[in-house]
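Heads up, the next two complexes both have subunit A, just with different partners, subunit B and then subunit C.
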Partner chain A sequence: MMHNTESDSLAEKLISLSEVTSLTSVGMSEKQLMALFASKLHELFSASAFALWTFDKDKRSIKLRYGHDLSEPLTSCCLAPVPVEQFPEVKLAIDSGAVWTTEDLNDAPLYDDQITRKLLTSMNVSAVMGVPLRALTNLIGALSFYYKTKQHFSPGEKALALAYANALALSLNNIDSYDRLAALEKTKGEVIHIVAHQFRTPIAILRGNVELLKDKKVVNDPETYGQIVSELEKVGDKLRTFVETFLNVKAIDEGNLQPKPKTVDANTLIQQVVRDMETYRQNHNIALTLTTLPDPAMISVDPMLVAEAFTNVVNNAIKYAKTKAHIEMKREGNEVVISVADDGVGIPQNEQQLIFHKMYRATNVARHPEASSGLGLYIAQRYINTSGGRVWFTSQGEGKGTTFYIAFPQQQ
Partner chain B sequence: MNTDTKKQSVLIAEDDEQFRILLRRFLESSYDVILTGDGEEALAVAREKQPAVILTDVLMPKKSGVELLRDLRADESTKNIPVVILLATAFPSDISAAESLHADGILPKEQINRQNLLEMVAKLAAGK
Partner chain C sequence: MTSTTFHILLVEDDESLRHMYNIILKKEGFAVDFANDGMQGLGKAREGGYDLVLLDLMMPNLDGIGFLKGLKEEGPKKPLGPIIILSNAGYDTVAKEAISLGVTKFLMKADLLPQDLVREVNSYLDANKSEVKAKSPWKRGRPTE
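So, the complex of A and B:
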């Protein structure tokens, strides 16, 4: 049973903890949040230091996300992932989902591992408490409290530690959610910018040509009149394509894409795409070569979707090439493989895994003279996958060109 | 040849073919219009032809309009040619770059019509 004095002290500490949580706010950085919680450490606990561990990708290893008054060896060892077994209090708190304590480190065989003991000795640690970190129902890691003297942990102190950890985990979770929302908001702003850019020129062309059509001289000149009407048709098509692109992304996101497969010759499809891009290629002064297969390469795909996917990949190759791009078709096993290689800016190694993400633009092309919505490769990948194909790429890094590969099962 | 009747030339740097043609139609009754599709080509033509006015898009292959303006200003033979930036973007950095490089005019693309374009070009060409 808890004595009154201990109970009063615990109540005061809980009030103090609630003050901390009331001071957290959206938009607060993780550093500010951690400093706020750390400022109450000594008031709430007799611990001299604490470590906040979060899971690495696989949940078998942990990383030090924040440390307060830790020794240098401990800090430097654990910023990279370490096996969770390295810190028994973390492993046991995570496994049991409850607070786990070692009151005297000298009498704890679990800490016999030499590396662990050396790290803890570097801070003169005598007792340890591990507390699971749970944000709502999601276990995100654990807190370690380190004490310089042997301890007897009362149920009240353990409960307080759990409340502290829960409050901290929830605040961290809120900060992460806020950061994700803020990043999304930023992306949304950029996309609105790009969309506005993509619509502005066609609108200007539309308005300008309509103005010309009001000119009597133009009305009386059938040739010029016909040319202007043709310009209006082209710009109408351009605007329709933009709108369709955005609606297609919406359809992909909502799982409403309904391909209509047909058996077609991949040679014909790619030749048509290359023909349609001729003006774009000329404007970029890029040498584009195409090697097709000598005989029909039949694939079963939705030709509209796959033509758009090819167009997006070839468009990128022309846009980012320095001088040339080459498209080559091959048979590999039972697949028809189309490679699209350019000698352009390449894709930075550390961004390669993001390249098919929606609205992602690699940093080395983010301010490329031509605006891009970051939707082309996203759409291409989805259309190719929906049609039973695969798409991947190789790039040796920045400035070393990129080769995209698109493969479909060959039909007999 | 009577030089008084010779039209002045206007150089257009614009990668969108349709927009290039539209600008030519707006201007061709009063000026010799030279069309280029990127900033690099425009710079070379400007040096060679010495146009009265240059109209340039911002986002173009090879050399952007802002880079073109910078290079024109840095070249003794082209530094005094008036340059109008045609904006289809609202990137504040492009606007401020155009201003800091002393573009002679900035025209948002969707606001361009034959009258305001001819007026701006006439004013700049007269001042050359």
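So, the complex of A and C:
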């Protein structure tokens, strides 16, 4: 049983904690939030310092996400991931899902780990409390409270610590969600900007040519008239392709892509793609060569999706090549591998990991005149993966060309 | 139109737009010369002798800004008329840079109907008439700042 005075004091502290949570707001930065919670640390717990630990990616290590009044050595040691075993109060709180204090260790040394012991000694720590940090149902890490004089902890104090940790975790979660939404909103804005920009040139061509068709002089001149009609057809095709591309991305993002696999000859598929791109190749004045396999290379893929993926990769090769591009088919192990090499601008080393990202355009082609959504390779990769294939590339860097590889398991 | 035939240099990489602007300008009696990219355009502009240059911004080999910087470095041999940018790049920093590099006007392609283009072109040519070449903002060798 709690004594009345202790119970009164706890009730007051709970009120104080609720005041803290009522002050949190959407759009608050993490730093502001942590400062707000830290401001009540001494009043609520008489703790001298505290640390907020979150899991590293592998969940076996922890990182110091925030520290309040920690010693400098402790702060600087734990910004990089450290093994969770190094901080037993964190490990025990995480493993048990309950509040854990040094008292529970029955006078065993505070820390086995020499380094940690040294770090904690530098803060004159007499006792430590570890509290699991749970946002909704997810365990995201733990809090450590460090005390200089305290030795004993009542169940009420532990319960208060848990309530404090839960409130903090929930607020952190809200901040993260808000940041994610803000980032999504920013991406959405960028997408709208890119889409709008992509439509401007076709719109200019469409409006201008339609206007020209109102002129009798133009209509009565068969050559000019034919040229305008042909331009209008081309622009119609271009607009259709844009819209298709964006709808395809939407289908990919929503998981609505349903491939219809068929066993087809990869030779035939790639030959068709090359044939379809002949006009585009001529316009770019690029020499494109193709080496197919001498016998059928059967792969089980959705031919529509894979043809589009090939088209996007070959289109890039032609678009960015200086003078030539070469497509070669090979058998490697049980795979059919298609390589598409160009002698073009290459991909800067530091951007290579971003190349399959949605809406990404490498900086060295960002000012390339040809309209590009930055979606071609994103779509190609998704279509190839959906059909059980792989796509990767090699580029020695800027100005040194790029080779894309597409591989599918060969069917017997 | 005056009896003088005005010569316009159109620096534009998009084939469809080139065709369209060509039809529009020729219909009005202008003599149109083309360049498919900034590099080719700069070569022609440095020769000079054009009453007006219509310049795209985003082009291969050398973009519009590169073209303008190139022309600042080495001006035209013969007088060269004003430069009008035709772009869809928007009135952003690139547009400001273009203006600072001596461009006379910035026009948005998507907003421009044939009659608008003709009106804009005429407004520059009519205003200057035969004085265009004499008033060329691009001095030989190094142009004025």
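Going forward, the second predicted complex is superposed on the first by the 292 of 412 C-alpha atoms of A that agree within 3 Å, B and C clash if a C-alpha of one lies under 4 Å from a C-alpha of the other, contacts with A are read in each partner's own complex, and residues count from 1 in each chain.
Methods note: a contact is a pair of C-beta atoms (placed from the backbone, for glycine too) under 8 Å apart; a residue touches a chain by one contact, two chains touch by 3 or more.
From a predicted model like this one, the values you see are computed outputs, not experimental measurements.
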TODO: Answer with first, second, both or neither: which of subunit B and subunit C does A:5 touch in the superposed model?
DONE: neither
Open item on the list: Taking the superposition on A as described, I'd like to know which of subunit B and subunit C A:138 touches: first, second, both or neither.
Closed with: neither
Open item on the list: By the touch definition at the top of the document, which applies to A:279: first (subunit B), second (subunit C), both, or neither?
Closed with: first
Open item on the list: A:220 in the overlay: touching subunit B, subunit C, both, or neither? Say first, second, both or neither.
Closed with: neither
Open item on the list: With both complexes superposed on chain A, which partner does A:201 reach: first (subunit B), second (subunit C), both or neither?
Closed with: both
Open item on the list: On the A-aligned overlay, A:234 touches which partner chain: subunit B = first, subunit C = second, or both, or neither?
Closed with: both
TODO: Determine, under the contact definition given at the top, whether A:412 touches first (subunit B), second (subunit C), both, or neither.
DONE: neither
Task: Residues on subunit A lying within both footprints (that of subunit B and that of subunit C) - done: 197, 200-201, 203-205, 207-209, 211-212, 228, 231, 234-235, 283, 369
TODO: Enumerate the contact residues on subunit A facing subunit C in the complex.
DONE: 197, 200-201, 203-205, 207-209, 211-212, 215, 217-218, 224, 227-228, 231, 234-235, 283, 367-369
Open item on the list: Per the contact definition, I'd like the list of subunit B residues that touch subunit A in the complex.
Closed with: 15-19, 21-22, 25-26, 37-39, 58-64, 88-91, 108-110, 112-114
Open item on the list: Quick check: in the complex, which residue numbers of subunit A touch subunit B?
Closed with: 193, 196-197, 200-201, 203-205, 207-209, 211-212, 228, 231, 234-235, 279, 283-285, 319, 369-371
Open item on the list: Could you list, by residue number, the parts of subunit C that touch subunit A in their complex?
Closed with: 13-17, 19-20, 23-24, 27, 56, 58-60, 63, 88, 90, 108-110, 112-115
